[in-house]
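Structures given as structure tokens follow.
Presented sequentially are two complexes of subunit A, the first with subunit B as partner and the second with subunit C.
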Partner chain A sequence: MPGATDTKPTKPLKNPCNLCQSVRAILKRPKTGQQLCKECFFHVFETEIHNTIVDNKLFNKGDRVAIGASGGKDSTVLAYVMKLLNDRYSYELDLVLLSIDEGITGYRDDSLETVKRNRDQYQIPLLIVSYKDLYGWSMDDIVKEIGRKNNCTFCGVFRRQALDRGAIMLNVDHIVTGHNADDIAETVLMNILRGDLPRLQRCTSIITNDTSEDSSGIETSKILRSKPFKYTYEKEIVMYAYFKKLDYFSTECIYSPNAYRGHARIFLKDLEAVRRTAIVDIIHSGEALSASVQANESTKLPTMANCTRCGYISSNELCKACLLLEGLNKGLPQLGIGHTTKIRRMHEAANLASGLSSPASLSSAVADGSAGEKVKVVTHIKDLGQLETMPTLASV
Partner chain B sequence: MSQSDATLRIELQFSGGMELLFDNQKTIHAKVPASFPLDGSAENRHAATIRDLISWTASNLLKERPELFIGADGSVRSGILVLVNGADWELEGELEYELEDRDEIVFISTLHGG
Partner chain C sequence: MSCSVEEPTMTVAEKRAKDRAVHVGFCCKCKTAKSTVTVRYAEYCDPCFLIALDSKFRTALRNARPYRVITPENVMLAFSGGPSSRALIHLFDVFHSLPPEVATNKKQPKIYNDIHVCHIDESCLLEPAQDVTSSGSTMEQARSIAGGYGYSFHGVAIEDIYDPEWTDSRCFEAVATLITSLPKDQLTTSGQAPELLSRIIPTPVTTASEEGAPKLSRQEKISKLKALLGACTTLTAKETVLQHFRSSLLIQLAKRGECTTLALGDSATRVAIQIIELTAIGRGYSLPHETSLLSSWIQDCKVIRPLKDCLVKELDTFCGLNGLVLIERHHAQLDWTMKTKAEVKSIRRLTDEFITGLDKEFPSTVATVCRTAAKLTPPEATYGQKCPLCHGPVQAGVQEWKRRITVTTAPGELETTTTSNSTEAKTTEISDGCCSSDAGGCCSSSSSQRPSCTTSQTTTASSASTPFSSLLCYGCLTNLRDLNLKSMASQEDDVSSSSFELPPYVVETIVHRMGFASLDEFEHRSDAGVSASGTAVDPQESLRAQIQDFLIASDDEDE
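What follows is the complex of A and B.
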């Protein structure tokens, strides 16, 4: 940064920033080994995410986008950065926060408080949908009933659907989640270990919707999902949150010992310690493997229909959530299923509460949403128009 | 004061879930020995480094589950970020960084929740 160093430090600067040369570096980038000062780090971090969004054409101007928010580090940084980039580059996105309340006392209730603070700090409206309201069961209830063995299966199936239902209530086009490069590498690893090629394919794509093949019965939805942090390292997300003093919640789920994933994560970190590019290498392996799977399986689209019980998109008569619920509810017939009425009620309440602009009626969205309409096509954001080119770092 | 009694004032900070292993304390003002014995001999001592600080912290301050703090080769567990006076310890010599009086050392867990 020539010209910016009028006041020369008396001592030679220790660890000068590789970009501006004039300020002490505070971070060594895991990706490149570059050492950066705080301001240059912020700039590079934000600009790379902006470039990911533009290069992958994640959004159209005017899209209504839900940020899946858990109160944890990744989604907190995602909410902050999405708002910042939306303002800085005039994406003209209509942003909302969407949180799932699994009903886990001492864990989710606390993290939701963090999300509520984020709502106020970033001025983004928030919708919380709860398992209890959607399914009649909280995770606390489920664990009481089935113990701690398979509860993560329930939670995973319910969460995915709950996010979609929340997105329908909010009438959004798109959900962004905070999955980062480390998460994706870890998931690639686990899918390889399990030999789960369809999931391998899904976990490596930066954007998914129901045009994706689904040979193994993975349920897909009409709403686009993307991962703007696909190429963002966890270390940088945590450092960004630390230096920006962002408010996030960090406790592990009390029901998820997650031993397998935990080992995969530590294994990855250890690999990364001896080989800097391990994370990106594994993501690339995942992409290459799924590309070859796709080439072999001559893209046969499964016939997707709707769950006969709740209307959620499903390749089977009953969606996975309904199947799980049926089991849970055996012997407890009084609970019934009653999704639609509950959802409609919640949807109305949510509209009243947040003054959100006329979301499509949920009941009709569920009823005719997935069957009749054409599958949504990922279009380009060319009409975002005058996207600024990446500003030179000298102008920081 | 003999050489082995000298201490350094070190401010330790824990965040990102790291504090859960330290009785939920986010900041601890510690008096850390300025030197540690070389090879167990009382005569030969070396100036305290972060390596020493990590094992000293584990034996004196850590309340639970040491395996979530200590990793291989006397370092912190992988996935824990360390900052020395506001900067990434990877820029400061990592384990071999020599502590100075009034240093501020931060431990951040990246392994907790997304």
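What follows is the complex of A and C.
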């Protein structure tokens, strides 16, 4: 380093850190291959995230920010680093933890214990929103109903909405999630392989749900989502958690295996092994490609509206979550999976015939399904404010 | 993120295959003959297959250029010797062999006027062990194949990339070496990628040289090429650099043949692999240009890929059915240049395996990937600001982008001072390095490398450093991180400590990007003094700032 002068005339270190030159290196940085000491690694790791936050203007002063916390390595490190940077650089953010309980025994229950410990360790309040409460179905119930195939569709669709609903309950401006560079690079590859141009365009943007562009007056949640770990390598997150001795939960979801994405992930790991910058390079390509898509008029996003049932933003009359839920409640779990247009139409026709077209069918079905328990069925975002049994913040 | 069902859904082709199930075992076109060829989900008999492939080619050609053209153009077919480009020549021939009644019809204009065939001979890079036994040059084989069609043939050897003749100006007599901004001892300890600068070394002006007499012997050019490839530490870097050289030569060949169109034989399989590969090596910005059916990026030379809809398997079959002779071992495999087995994996090779494997499981992969990229619009960039190495478009601010997401400063240092710090360091080093005392040594030692170097009239120009890293596109910047830094000179060293040189076409672009019209002008300005070049009109604002940074420092040093 051109500014770092070795002040101590002691005997030369055996393996000095590439940056400070004064401490023995203990790790090889996955992103650059540099040999670093622990402190220098922490410094570069945190500074890169800080740069990402500052350069992309992720937050405004005084924002209330929810950290999507699963208890896994990414979100645990995210919670830790967000708190650290908030204090160090005076972002003046009001941080809260938001967890989704999918209801997967042997996986989420254990990981939520980790989140609860994190809450105490980092002194950040925590809210847990569960599928059971929101939808009347836990993932265990869903898997029992539909089997192991396609259950990730339910989980994914429900989680996205659940996060937003949790965020509304918490009255936050922003949700940060622990998606890392590997995830984004993988998604770029996946979207090219699947030919999904609209997603290819969106997947590299650091902030999503940015409603500044559309002025259509549709009621959307004004909550932004961002990924401060966009340029952070998964390996470095693990390394950081390891050296900081952070408390995290490391088990794969018991329902998760996915063949096609698995191929892409293995390929990405192979690429990284051949050239360590490959992940960042793919993201850079992805950003450039995203600009190339933008110029193309033929790939416009579908027009957004509000779901007639729950009010959530949707490109159809009924949002995907409501559609899936309806399928579950009526014992037609294939509804909403794969090419849905046909099934949707069939279903609507059937609905008309039996006179069941009112939103009441949903809530009644849900209430039936979980009779006897004290349930909090949230069917509309607007209803959230009036909810009597609003989950209280488990504040510290 | 890791758990969501994203299985590819059934494509149109798959559905059609289902409908065709009634005709199992028979050709899906004529439905009378037994099928002999299977392409993805469709089965064909031989004649129907040939017709189908031919019409695919015609469709692509028509899309690349409307039939109703006023002036016919000349087209250059790039022929490597492999099945795809071999099929390209044959398909062009079939396409142009009009029946006599049409040929005599004056109202029917020709799409392409003259067809030329070109070939790059890479035999100098073939594995040395086998070189002795094999016939060596692939040039004659290629020439005879082109001759068989009556097309004029143009050939060049890959090592000619070092020939001053193979540049836009056709006599750009300079090469360049790379120098690192950090001294060597710091390179090994800091582990970070230094800023790279170039030092332009004009090759001596050969006034008495006769027309056509080679200025560099073939052996010299080969050793220069091998030295550059030798400085690349990874197979990925070697392959990428070689690919840039190929492209550069192909464009030059097309221009020389007075062709306004260069047709490449890239198959769908090849394009799909390329799309993923380019993404993986950070070339997403130029990807639309490098994979599209028609690219007009290169000035005065369109590039078309008319076989972009044909799978490599189809083209193989096509060559087989027509009994077309291929050139064996036409393509340089650089495996042998790697010392250990572990390194014999490049991003291209990995991608190849990945796509081929995926395509077996999901046969629509190649088509999907190609269609994705086909919908992309090329970026808006000015051709004048092209990357010196790959001649692709350059995005602004890529170095800063990298710097922000990959921090390489120690905890004590303030982040904001990073850039100024490094430029300061750079300037002092430069003033150390480029003085006349070193230049003498540089000339004499480099003359041992290049025996033709006899005079020292160019030393002043050669001692000046010119930017390099800052001119590159993201992909090339990434690729050059795989260069062995020890093989470069640092600022204090003379030129001879650099073990490789960049070919003239690269230097030509560097000089142009710096705002000089020609090498003469560049030398003149450099001789006239730094202040003169400081006032030179530079099109790129950021670039000027960078040059000025160290020009001012050189001023201080002189005083």
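Definition applied: the second predicted complex is superposed on the first by the 300 of 396 C-alpha atoms of A that agree within 3 Å, B and C clash if a C-alpha of one lies under 4 Å from a C-alpha of the other, contacts with A are read in each partner's own complex, and residues count from 1 in each chain.
One rule holds in what follows: contacts are C-beta pairs under 8 Å (C-beta built on N, C-alpha and C of every residue); 3 or more make two chains touch, one makes a residue touch a chain.
Small disclaimer: the values here were computed from a predicted structure and weren't measured.
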Partner chain(s) touched by A:N329 [first = subunit B, second = subunit C, both, neither]: neither
Partner chain in contact with A:C253 - subunit B first, subunit C second, else both or neither: both
Contacts of A:C40 with subunit B and subunit C, given as first, second, both or neither: second
Touching partner for A:L27 - first (subunit B), second (subunit C), both, neither: first
A:D183 touches, of subunit B and subunit C: first, second, both or neither? both
Touching partner for A:V280 - first (subunit B), second (subunit C), both, neither: second
First (subunit B), second (subunit C), both or neither touched by A:K269: first
Of subunit C and subunit B, partner touching more subunit A residues: C
Touched partner set for A:E234, first subunit B, second subunit C, both or neither: first
First (subunit B), second (subunit C), both or neither touched by A:N15: first
Contact residues common to both interfaces of subunit A (with subunit B and with subunit C): 35, 179, 183, 253, 265, 270
Residue ranges of subunit C in contact with subunit A within the complex: 1-9, 182, 186, 189-192, 234, 236, 275-276, 278-285, 287-288, 345-347, 350-351, 354, 357-358, 362, 365, 368-369, 371-373, 375-379, 395, 398, 401-402, 404-413, 415, 417, 421-422, 424-425, 474-475, 478, 481-482
Residue numbers on subunit A that touch subunit C, as the complex places them: 1-4, 16, 18-21, 31-35, 39-40, 43-44, 47-48, 51-52, 55, 150, 152-153, 155-156, 179, 183, 186-197, 200, 231, 253, 255-256, 258-261, 263, 265, 267, 270-271, 274-275, 277-278, 280-282, 284-289, 291-293, 295-296, 298-299, 337-339
Complex contact set, residues of subunit A against subunit B: 15, 24-28, 35, 70, 72-75, 111, 178-180, 183, 234-235, 238-239, 242, 249-253, 265-266, 269-270, 272-273
Residue ranges of subunit B in contact with subunit A within the complex: 15-17, 20, 72, 77-79, 81, 83, 86-88, 90-92, 106, 108-114
